[in-house]
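Two complexes are shown next, each including chain A; its partner changes from chain B in the first to chain C in the second.
Up next, the complex of A and B:
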């Protein structure tokens, strides 16, 4: 069940990432994709009746698989790094073009390069 | 619009490809539960950490974790480098009302205490260096919200703190390579395994957790300070 929810969230995130034009919303969608991945990894590690993988010797409870949990840790840190850097790039773009709309930024960039090339030709 | 249609098709394609991958993973090879049971039975005596996740990511997968710490450092450096190119703004000396200040006096020591708890007991109970560092950095953010960013920057200069972060990273790498001095493989445990559940157990995981917590605390604070300096009004 958790895997299905993770997959639906992943789909929403990818659709938002590709279809929405606002850069900040694109970043939010990227965060959603990351959360869906984390949910999927946690659901892989689950087993019926499993507990969190913290155990003392002599304790015989069924434990969840700790390996996907360790991968989640990497995913969270890398997502933090990506989000921080991407936000900086969005800030630089907004400072220069005064919009967060990716299509308009592209148009502005094309216009700028055209203006630079004109005197040469 | 033709471009929009191509985008929609591309997005649906990506989602479908991932759906196919996931279903192949689920249908093609059902994970063998006995393998993970055997692995779980062994790793407690191999790592000595009763928090199995800490045992995996700071013992078996230590190399991976080191590179992850490096990714964090690169992000901190990148944020500061690119933000320095844009113009900084004059920080207004804002500070919040008495209610917020009183709440912060209560919350910040709690956050710092939780950081210490997560870092020191990360190998026995839920927690770990990364979580602890981020909690402590948000504790510092509370103080910055209540007393103003400028007052905070006088005490904790972010530019100097980035140096401290690099020093902690170097210390971490040195500690990882230290077993070579004693003629053992690098990345292997230097400290005794101990009894699982005791404070001094799990080999070097305790030292790694404390170093990582310090590094993440300093790095996250440097990122927060850089963002506040160049855009927000804290």
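Up next, the complex of A and C:
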């Protein structure tokens, strides 16, 4: 069930990326896509009644699978880094163009010419 | 041990260059020398037939991080080293901040580690690391257009990596391991099952966003065209190849030959069409990168040993000539005052003659003049293709490449008295030497009988005819402009096209069962 919800959230996230022009909302939609992926990984690592994966001598208890945990932790860290960096980039763009509307920023860029560089002597 | 030392040392040097920033230049030279030593040891081991294998921490099979110094991985690692030397030399006198060298070392370290990694989890982490470093490199000068290109790259790459991670999840849920050597048998046992199709399609779609495949890597033209020349050279020569290397690794395990060939043809043909229609030379090079990835994908998808060797050779050849093209075009655009073909032509006398000679070598390399790099690699690739339609498509792509680069002829043959910066000359000489001496050097990679077959009269005649036909066709259509849809490269449209691309790959995998 969690896997199905994950795929639905993934689709909603992509819709947000396609349909919304606001850069901050686009990044939120990207966050939803990333969270959906994490939910899917959590769902495959789920073992009801499992203990933390520390094997003791003679221990026969069901242990949680550590690999999905490692994947989830890594994905969270990476997604956080990308989201933070993307927000910094959005701030730089907003300072320049005074809008978070991606279409307007693209139009402004088309109007602007590349910064002229002097020919060498 | 060399397999773990190579990436690890680069990460250590990354920290050292930022901590002892005044000593960054000697540290950079030292890192290149150490890499050369370790890589030569690994190459010698491979040539003796005993490629080094290593599991981090000595963990049992299936639990540790397996690394292997096989032919595919080492070829890519050597390319990473060659390009890192070229970029270091090019930027030697540019007064770049220590931060640039930190990013460069991290990127090269990640490339080495990915070359040797044999499990999907490590590959995911390294691809993510390289992606984050690439964002920072693209936006290094903090110009709004670079920031915009970097943001576009970031959103699409993050989406691609999420798709890849979903694929990893599906594989792990069914196999309980991510080690590619163990997965090979497990996936073969489950051939034809729906989860294999889903996992394969997710993995391919996720990697294709990184690998410069046309319908997926829609961030590439703006990122490559707007970054500074040294960064564009690294992105085009190295970063997108990381996705290609991983695509090849999974192609051994998952049934993705047909999608690789179809994506190769699509990216090759569309890349050439857009390159032909581009008059900004940096953008032309970016589209040309997309088209050149087509050759490599077709080679890997053909699934013969000779085609694989051809694809590997082309991976190296493309890394050399595209890096040289981006570096020389960057300098030419700076001297001429713009990168539009008309500006470059009008001010071509201001482009230093050394730069023009290096650009000429790179152009001759990419259009396949015998016996330069592009010719040799394409000839080996064609020898490995058994299908006639594929041969014809490769020929069509070659003609298109000649037509795209024919635009540069007036720039290449102008006169000037300006001198190229000395550090740039070293960089150009290093890469141009690789392009000119590619055929003898490739004997390290390709067996002599295959390599000699590339130099037959038929291949040489074919290359010369392709060049003549391409030049002739360009002359006949040079005043025409074609309207190609540019909407696909917009931030709103590209995620939707990636999603459609995923369904296409899924359908192809199901068809090729």
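Rule of thumb we're sticking to: the second predicted complex is superposed on the first by the 97 of 121 C-alpha atoms of A that agree within 3 Å, B and C clash if a C-alpha of one lies under 4 Å from a C-alpha of the other, contacts with A are read in each partner's own complex, and residues count from 1 in each chain.
The criterion applied here is as follows: a residue touches a chain if its C-beta (ideal position, glycine included) is under 8 Å from a C-beta of that chain, and two chains touch if they have at least 3 such contacts.
Here the structure is a predicted model, which is why all the values come from computation and not from measurement.
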Mind checking chain B and chain C on superposed chain A, clash or fit? clash
Classify the contacts of A:92 with the two partner chains as first (chain B alone), second (chain C alone), both, or neither. both
Looking at the overlay, does A:34 come into contact with chain B only (first), chain C only (second), both, or neither? second
Answer with first, second, both or neither: which of chain B and chain C does A:25 touch in the superposed model? neither
After superposition on the shared chain, which partner residues are touched by A:106: those of chain B (first), chain C (second), both, or neither? second
Tell me which partner A:67 touches in the superposition: chain B (first), chain C (second), both or neither. both
Is A:14 in contact with chain B, with chain C, with both, or with neither (first, second, both, neither)? both
After superposition on the shared chain, which partner residues are touched by A:81: those of chain B (first), chain C (second), both, or neither? both
Of the stretches 94-102, 220-228 or 490-498, which one in chain C hits chain B? 490-498
Once the two structures are fitted together, what part of chain A is touched by chain B and by chain C alike? 10, 14, 17-19, 40, 44, 67, 70, 74, 78, 81-82, 85, 89, 92
Which chain B residues qualify as touching chain A in the complex? 4, 7-8, 10-12, 14-15, 18-19, 22, 26, 31, 33, 36, 39-40, 43-44, 50-53, 55-57, 61, 64-65, 68, 71-72, 74-76, 78-79, 82-83, 85-86, 124-126, 128, 130, 195-197, 223, 227, 230-231
State the interface residues of chain A toward chain B in the complex, per the touch definition above. 3, 7, 10-11, 14-15, 17-19, 40, 44, 47, 52-57, 63, 65-67, 69-70, 73-74, 76-78, 80-82, 84-85, 87-89, 91-92, 95
Which residues of chain A touch chain C in their complex? 10, 14, 17-19, 21, 23, 26-27, 30, 33-34, 36-37, 40-41, 44, 67-68, 70-71, 74-75, 78-79, 81-82, 85-86, 89-90, 92-93, 96-97, 102-103, 105-106, 109, 112, 114-120
Chain A contact footprint on chain C (complex, rising order): 121, 124-125, 128, 131-132, 135-136, 139, 142-145, 147-148, 150-151, 154-155, 158-159, 161-162, 165-166, 168-169, 172-173, 178, 333-339, 347, 350, 352, 418, 490-493, 495-496, 499
